[in-house]
Amino acid sequence: MLLRHTPTEVKEREGLTINPAKTCQPIGAMYAALGIHGCLPHSHGSQGCCSYHRSTLTRHYKEPVMASTSSFTEGASVFGGQANLLASIETIFSVYDPEVIAVHSTCLSETIGDDLQQITKKASDDGKIPDGKYVIYASTPSFVGSHITGYANMVTGMAEQFAVSTGEKTEQINIVAGWMEPSDMREIKSIASLMDAKIVLFPDTSDVLDAPQTGKHEFYPKGGVTIDQLRSTGDSKCSLALGCVSAEPAAIALDKKCKVPFETLDMPIGLSATDRFIMALSKAAGKPVPASITAERGRVVDVMADMEQYFYGKKVALFGDPDQIMPLTEFLLDLGMRPTHIVSGTPGLRFEKRMKEILERAPYANFRNGAQADMFLLHQWIKNEPVDLLIGNTYGKYIARDENIPFVRFGFPILDRVGHSYFPSVGYSGAMRLIEKILGVLMDQQDRVALEEKFELVM
Amino acid sequence: MLLRHTPTEVKEREGLTINPAKTCQPIGAMYAALGIHGCLPHSHGSQGCCSYHRSTLTRHYKEPVMASTSSFTEGASVFGGQANLLASIETIFSVYDPEVIAVHSTCLSETIGDDLQQITKKASDDGKIPDGKYVIYASTPSFVGSHITGYANMVTGMAEQFAVSTGEKTEQINIVAGWMEPSDMREIKSIASLMDAKIVLFPDTSDVLDAPQTGKHEFYPKGGVTIDQLRSTGDSKCSLALGCVSAEPAAIALDKKCKVPFETLDMPIGLSATDRFIMALSKAAGKPVPASITAERGRVVDVMADMEQYFYGKKVALFGDPDQIMPLTEFLLDLGMRPTHIVSGTPGLRFEKRMKEILERAPYANFRNGAQADMFLLHQWIKNEPVDLLIGNTYGKYIARDENIPFVRFGFPILDRVGHSYFPSVGYSGAMRLIEKILGVLMDQQDRVALEEKFELVM
Amino acid sequence: MEAKVLIPDPSRIKEELINKYPAKVAKKRSKSIVINDPETVPEVQANVRTVPGIITQRGCSYAGCKGVVLGPTRDIVNIVHGPIGCSFYAWLTRRNQTRPEKPTDENYITYCFSTDMQEEHVVFGGEKKLKVAIQEAYDLFHPKAIAIFSTCPVGLIGDDVHAASREMKEKLGDCNVFGFSCEGYRGVSQSAGHHIANNGVFKHMVGNNNEPKAGKFKLNLLGEYNIGGDAFEIERLFEKCGITLVASFSGNSTVRAIENAHMADLNVILCHRSINYMGDMMETKYGIPWMKVNFVGAESTSKSLRKIAEYFGDEELKARVEAVIAEETPKVQAIIDEIRPRTEGKTAMLFVGGSRAHHYQDLFSELGMTTLAAGYEFAHRDDYEGREVLPKIKIDADSKNIEELKVSADPELYKPRKSEAELEELKARGLEINGYEGMMKQMQKKSLVIDDVSHYESEKLIELYKPDIFCAGIKEKYVVQKMGVPLKQLHSYDYGGPYTGYEGAVNFYKDIDRMVNNPVWKLIKAPWEKAGAESLEASYVAS
Amino acid sequence: MEAKVLIPDPSRIKEELINKYPAKVAKKRSKSIVINDPETVPEVQANVRTVPGIITQRGCSYAGCKGVVLGPTRDIVNIVHGPIGCSFYAWLTRRNQTRPEKPTDENYITYCFSTDMQEEHVVFGGEKKLKVAIQEAYDLFHPKAIAIFSTCPVGLIGDDVHAASREMKEKLGDCNVFGFSCEGYRGVSQSAGHHIANNGVFKHMVGNNNEPKAGKFKLNLLGEYNIGGDAFEIERLFEKCGITLVASFSGNSTVRAIENAHMADLNVILCHRSINYMGDMMETKYGIPWMKVNFVGAESTSKSLRKIAEYFGDEELKARVEAVIAEETPKVQAIIDEIRPRTEGKTAMLFVGGSRAHHYQDLFSELGMTTLAAGYEFAHRDDYEGREVLPKIKIDADSKNIEELKVSADPELYKPRKSEAELEELKARGLEINGYEGMMKQMQKKSLVIDDVSHYESEKLIELYKPDIFCAGIKEKYVVQKMGVPLKQLHSYDYGGPYTGYEGAVNFYKDIDRMVNNPVWKLIKAPWEKAGAESLEASYVAS
């Protein structure tokens, strides 16, 4: 047993988090910043943060993840990090020549009270920011929220610091991407294009974190939302925020700053959430839903109907990030499954409220988020009420192996398989992929444990 | 052991085929015919053939497979099937109202010597074929070749019986689809559209055998190549035949009948075969390869490079149909794998010759096709030299379980999983999917058999 | 049985079903579409040719012979003589489960054997290849029995599989080799193949093993093919009751068991259509009476167990059967009580097989569901109307071609298990010995009975009746589901089961509950396709 | 060592590496980029701050302390005191394998423990939460030891983890609780964390267990973290040779073993950088000499085993070591003979860690490959230039902040294992006792030595040298591979290994062969991107 010390009996903890279902803000900010074209994320803290975040993102994407650090030492920690950040800005523009540096803070710089707004203003005043180049920032203290919070904060920073309202509204629709894969962002754009909806998607890590092998390392790959696009978001007719936790704050910021009205939607994972997204996009764009999208939806429902017996009543444990867990839970219910145990380390009332709505269809479900809502607790719940399927990031493999549970990797980070960054989980195509994956592991398990006389050819 | 009686020692057989790696012609003809819009395939034989073919296709696609039968009884078998076919044509047009009936023969009607050309001519002469409606036919004796032969024969029939040369060549390129999935055909069309190449693809089972759930059964779903399109193939500037076994005969027929020059390519499965297809299509269309295709290719190579260690040197056993096996073998070699045992029940010199070329890079490989090249032999080979991976249709699961070999379902029929008809195996997207699938099963196996201290988080 | 739902006027519906057909076809079909009256039991045209061109559910004689009857027995090497397809399609697709006693016991159920006939054999004859194949199979496996199945070309080119089998049987010495002339064109459906199979099994196997079988209450299970493990559940109940199963025809069975079948004292028949020949022949030759039973449905199971106990007339057995019923039924009732509120009043249609369309009505009835229409794929009139109609059935050309074995009492082995008087007494007590009353007497008035339903008729029926569930086979499954109606496969059970006995009943209840109440059926329409979908123009209010 | 490949003019290259930097940065970096001369060994600026904004490979003190040194020991509950991230990122990512003797033995290596510090704790202090966490960990697991690791905010807000640990140790009674002030900002890299970890382990663990250890030749393995199972292979060889491993620091190790380490008679150091402090302190306190060894590379392994035997001076041991070498090396040679023709003449670069960039050069050399450039991520000058340079190293502000333990001979346990004379004799016989000659003396002339290489410099180096393989870590892996050059991870081994000893050498040879000769590198360019791709217009000839 890989997790041999996890007892079945659940005791409330207050001090200790074990096997967390979250990580810290800055990595989210770094990921979001990579979704701006020509951007170098910068970690204002000690070297370790940057190194850890780059490593984790690299393992998940198997792609270059470029980011710099203020390389705090003890001196900087005592006297403040301004000098380090100013020096960083200078070095970065001369050596790496980005369009924009996206600075995020860390628990270190937050604890000592560095004011990023003031420092970047000083950098600008001191002429350290070349003409036509930008430094944006987000405050992302590791001791608040989770990696999802950091993502939301950096995306909000993009909106706040770039969006400009010229007073002339355009036909453009902002789509604020919640934390999703490059493949998902590509799919969102593809759906909008099919619908002939003029959108700007931000951030956008497609063609950044799924760059082709060309024999050349493109320091700034072709993808990412451009600064011009970000500026134009202030004139857009509306925003659709895909995720009430990771995307909505940026939409609110745009509304506040530039009076861009917004609608918040669940991330379009699974059938119903995608339905709502398609409807909302169609309405926002004033364009009918094209037949090809309706047909794609119909193919998903077709498989759901044809394979319903394999889903129905199966108990599922899942863990991960709010904007993914919410629509996924709903999708499991649409599939006739029983989402039985759910944890997410990310705190938040908005999240809790929405989960409560969704779980009205699953009054039996255990759900907890925030403090001590960790994988240790999830594992204990599973020991108390076994499940047929586990869904979550790579760390779930330890529970899956110990408890012999079919396991679908979903969420962040996925460190031991490829595919997530290339094949979308959002939209109807993503729903089909989820169906294939879930069916695959359930059927593999059936094939594995079947008695010889019960081994099925046709399924 | 599910196949407990299979001995390790290989003895040559001459009379008995055990666990075949092929089936018979008519099912291929039925499948091909479903790729014409508004077509009802008709099986000229006893009811069992039609029932078996519909059942097998239905299990593979989990979709309606409509086809009719001449319902031979003993009388018809003795006195000839003309009356049955004439009656069928009459009934079909009045009850099912197709645009075209595509008749294929069976071992029964072939043995008694029914002449489909003559009978359909008689039906026409007798006024049993309504105006603007068609009856086409293909001779598909079950005792010659395999299901692949039947497919090729029906596709050839389409070309021969529909194509018209007006004398004015168009910019259109014919793409003759070898036996592939609806998802694959969709992908071929999508590639051509990206390249702005004007093509007609035939047959085309997309939007036929992957129809959406709409609450209504469309007897003739929206997809399929139209008769007008088929007629127009005679004026096309060239044909690209995707598969020297299942597609080339139709291209040859077009060349013969309408002087449409052709090029035969491997089915675009895997990197190198897709490269050649893209090059050939680009040249034929006179259009450059768009950057998006180059980038998609680059993403495939990227994953191949990043994950090379998991492929390299792994031994693979595979079985299936020639036009899929050939490029797949080449792809395995490109991945650094060792295609070790290969069988296909389909005979043919063209196939053997091309395999010989491909296997120059794998002089160690066991390959056999045609008579007694069955899964029993493959299993025996595996017992003699174990492999790390098995690729083939659903029937491979018995070997996979007995020998504990990771198993990727590929080919026809796949009776126990979904996905093949929705996600392509062709093109770069298909290559990515194959990579994900192969890696997935290899890594699952690694995770399963790893000692606890060797259980990897990152892979 | 009382109508739970209002059934539409069936005569109008019948009209709709046939009015698109050419006149000749309509006339023919109208005889196979009957409005039921359980009192009068109208005649149903059955076991006649399907109209060419009609999309039918039916298969062929080979399918009935090899696929249905011979396939399930685990230790026969079944070689299909013909082109590859026939053997390929029958390879493991029928879910005949089998459980050898020891892991090393013979079990060829996972294998597919074919002579893979090529053009040269069609031209020059395939007997030689067949004999080589038999020899190779023998050399590889040394099986107890090898059976040869003829596919369409075999009969036409004149290969004599029987002669070849005899020759090889002689040559091999310790292996029973026998052939079947079950070419696909024989008869009008699988039914011909059943008959041919019964004849062959009776001729070549039954009676070969005279070893006495221990046990007080010995019977054979006829027409139970152990699809989805059905036979396992019946075996479980027999064992609990102290009933000895001599041979099963042919699910989870062996050559030795079938050869020993004549040592039983009763044949119970499940699938009347496929195996009643065997019951009759064994009665004639060995004096073993047969009884129709039904282990599909909890009530039917109890009834069938009681009938068996009644037949043997042993008080201890009767008591044990009652104890088993008392033990098993409360669990079933608990599930029914939970599920029935969700299924009550719903409707079903069954068009499948040769017995299942009848048996499964019991399960639906237990769920409070009404059968609106039903019919068989390959049945004869007796399956609809009851065996009393047998003398009235006209033998047509297609039936005449199927051999009718001349069976007479075995000079040594014939031993009537019950005297004429005993049989009369049993009948008087309600035991239908050697009889079957058919489906229609148990179906409600005005329900539709349709033989060999066509695809067109199925679609129309669904359109007109909107049933909550439709039962048929794999070819119909996705067609019907496209219409938003769940289809339960009653050949393969949708890869579920078992559905026999008490455990099977529970499985079935749960499956039907799941199917008719699945959330997916409410998701078919996209929101933008629904009436009242909001207008496209959204209005946003800035905060 | 002779140059196998022509090395480009390094001075021009050095120029290229720094000419894009701002002047101050260029000046600083130029001191860390050195053209090697193994004879004169030029000075390398090392262990200095990374320029802010530079993309560096380096991590932090916490990573060195918790991640590298303490992480691998299986039965310590390592609680990270701070926000969640630090603990999350160090969770299982270093592949420190461990194999408990019994399946029920303590093993927390798969767990991640954190106090998950929130804003309120940053504002009001986190000691209370820490103590609750320690109590909860104790209640759940009853471990032998709990270690506390401070992350950045902890020092700044003034939480005293040492006081909290002492208090809880006292309270719990049977659990050793101790803390580390390894905040991420301490020092300039992981190196600070190693030192802090060594101090803590020495203070709180070593010497706690005076149980005598059986065995004639007892040693500790210092600086072997069992990544990919490296320690398993060394353990295998020790066992074969009859050498007793008292404690491993810290791969595949336990609390009890480390507490017992002072009972050994020799410390062998693998990773000089991370653990040499421990060697020195144990020598001073207990009189145990240390020796640098290297088990990476087949020849180095043989040499290291011989050195150990030489140290103990026992003829039987020497003979056994020779026998093991004689048994192991032919298998290795056979593989080398097969592979070397495919790797001979190829080139490598290594920029990684604090010892690996040195050790792995031996393996490349065995493959006939030349190291063009190498450098460490967090080393000090002695790792480059040899320990003789130690007195000359200036202590800067960053180093001064790391506690230097005052160690003196233990009044009871100090026992010099070798007399001064014996040590001198061993040195005279070539055993470098308490010494390490560094990397540069073993690298060829004109090769480049670069400390703390930056991303920019790496890319330039690849551009200019086009090496056949590049060795670094995960952050560099895909960057370098995007350039069409395979990158071998020498932290995680690309999830392969072990690479120590003889079996490890074979693993490495095969992996490098696979990487440099993989067909994929030839597939990078699409056919239409290749020079001479045919023109777009095709011409077809009708048949």
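Order of writing sets the labels: A, B, C and D. Residues in every chain begin at 1.
The rule is short, and it goes like this: contacts are C-beta pairs under 8 Å (C-beta built on N, C-alpha and C of every residue); 3 or more make two chains touch, one makes a residue touch a chain.
Since the structure is predicted, the reported quantities are computational estimates derived from the model, not experimental observations.
Chemist: A-D versus B-D: which interface comes out with more C-beta contact pairs?
Modeler: A-D
Chemist: Using each chain's Cα centroid, which is most distant from the centroid of subunit B?
Modeler: Relative to subunit B, the chain with the farthest C-alpha centre is D.
Chemist: Calculate how many whole Å lie between the centre of subunit B and the centre of subunit C, each centre taken as the average of the chain's C-alpha atoms.
Modeler: About 34 Å, centre to centre.
Chemist: Taking the mean of the CA coordinates per chain, how far is subunit B from subunit D in Å?
Modeler: So the centre of subunit B lies 54 Å away from the centre of subunit D.
Chemist: State, to the nearest whole Å, the distance from the C-alpha centre of subunit A to the C-alpha centre of subunit B.
Modeler: Whole-Å distance between the two chain centres: 39.
Chemist: Residues of subunit D that contact two or more other chains, please.
Modeler: 92-93, 477-478, 481-482, 524
Chemist: Using the touch definition from the top, which residues of subunit B touch two or more other chains?
Modeler: 1-2, 59, 62-63, 211, 213-214, 294, 297-298, 301-302, 304-306, 395, 398, 452, 456-459
Chemist: What residues of subunit A sit close enough to touch subunit C in their complex?
Modeler: For subunit A paired with subunit C, touching residues are 237-238, 252, 255-256, 259-263, 271-272, 275-276, 278-280, 282-284, 286-289, 294, 297-298, 301-302, 304-306, 308-309, 312-313, 333-336, 451-454, 456-459.
Chemist: Contact residues on subunit B for subunit A in the complex?
Modeler: So the residues of subunit B touching subunit A come out as 1-2, 59, 62-63, 207, 210-214, 222, 294-299, 301-307, 394-395, 397-398, 401, 415-419, 422-423, 432-433, 435-436, 439-440, 443-444, 447, 452, 455-459.
Chemist: Taking the touch rule as given, give the residues of subunit B at its contact with subunit C in the complex, in rising order.
Modeler: 1-5, 7, 11, 13-20, 22-27, 42, 45-49, 51-56, 58-59, 61-77, 84-85, 87-92, 94-96, 106-108, 110-112, 141-144, 146-147, 211, 213-218, 345, 371-372, 376, 395, 398
Chemist: Sort out for me which residues of subunit C touch subunit B in the complex.
Modeler: Checking each residue of subunit C against subunit B gives 20-22, 25, 49-63, 79, 82-93, 103-104, 106-108, 110-119, 121-122, 129-137, 139-141, 151-153, 155-157, 183-189, 397-398, 401, 455-456, 459, 473-475, 477-484, 524-525.
Chemist: Going by the contact rule at the top, pick out the subunit D residues touching subunit B in the complex.
Modeler: Residues of subunit D touching subunit B: 92-93, 95, 97-99, 229, 477-478, 481-482, 486, 492, 494-496, 511, 514-515, 518-521, 523-524, 526-529, 533-538, 540-543.
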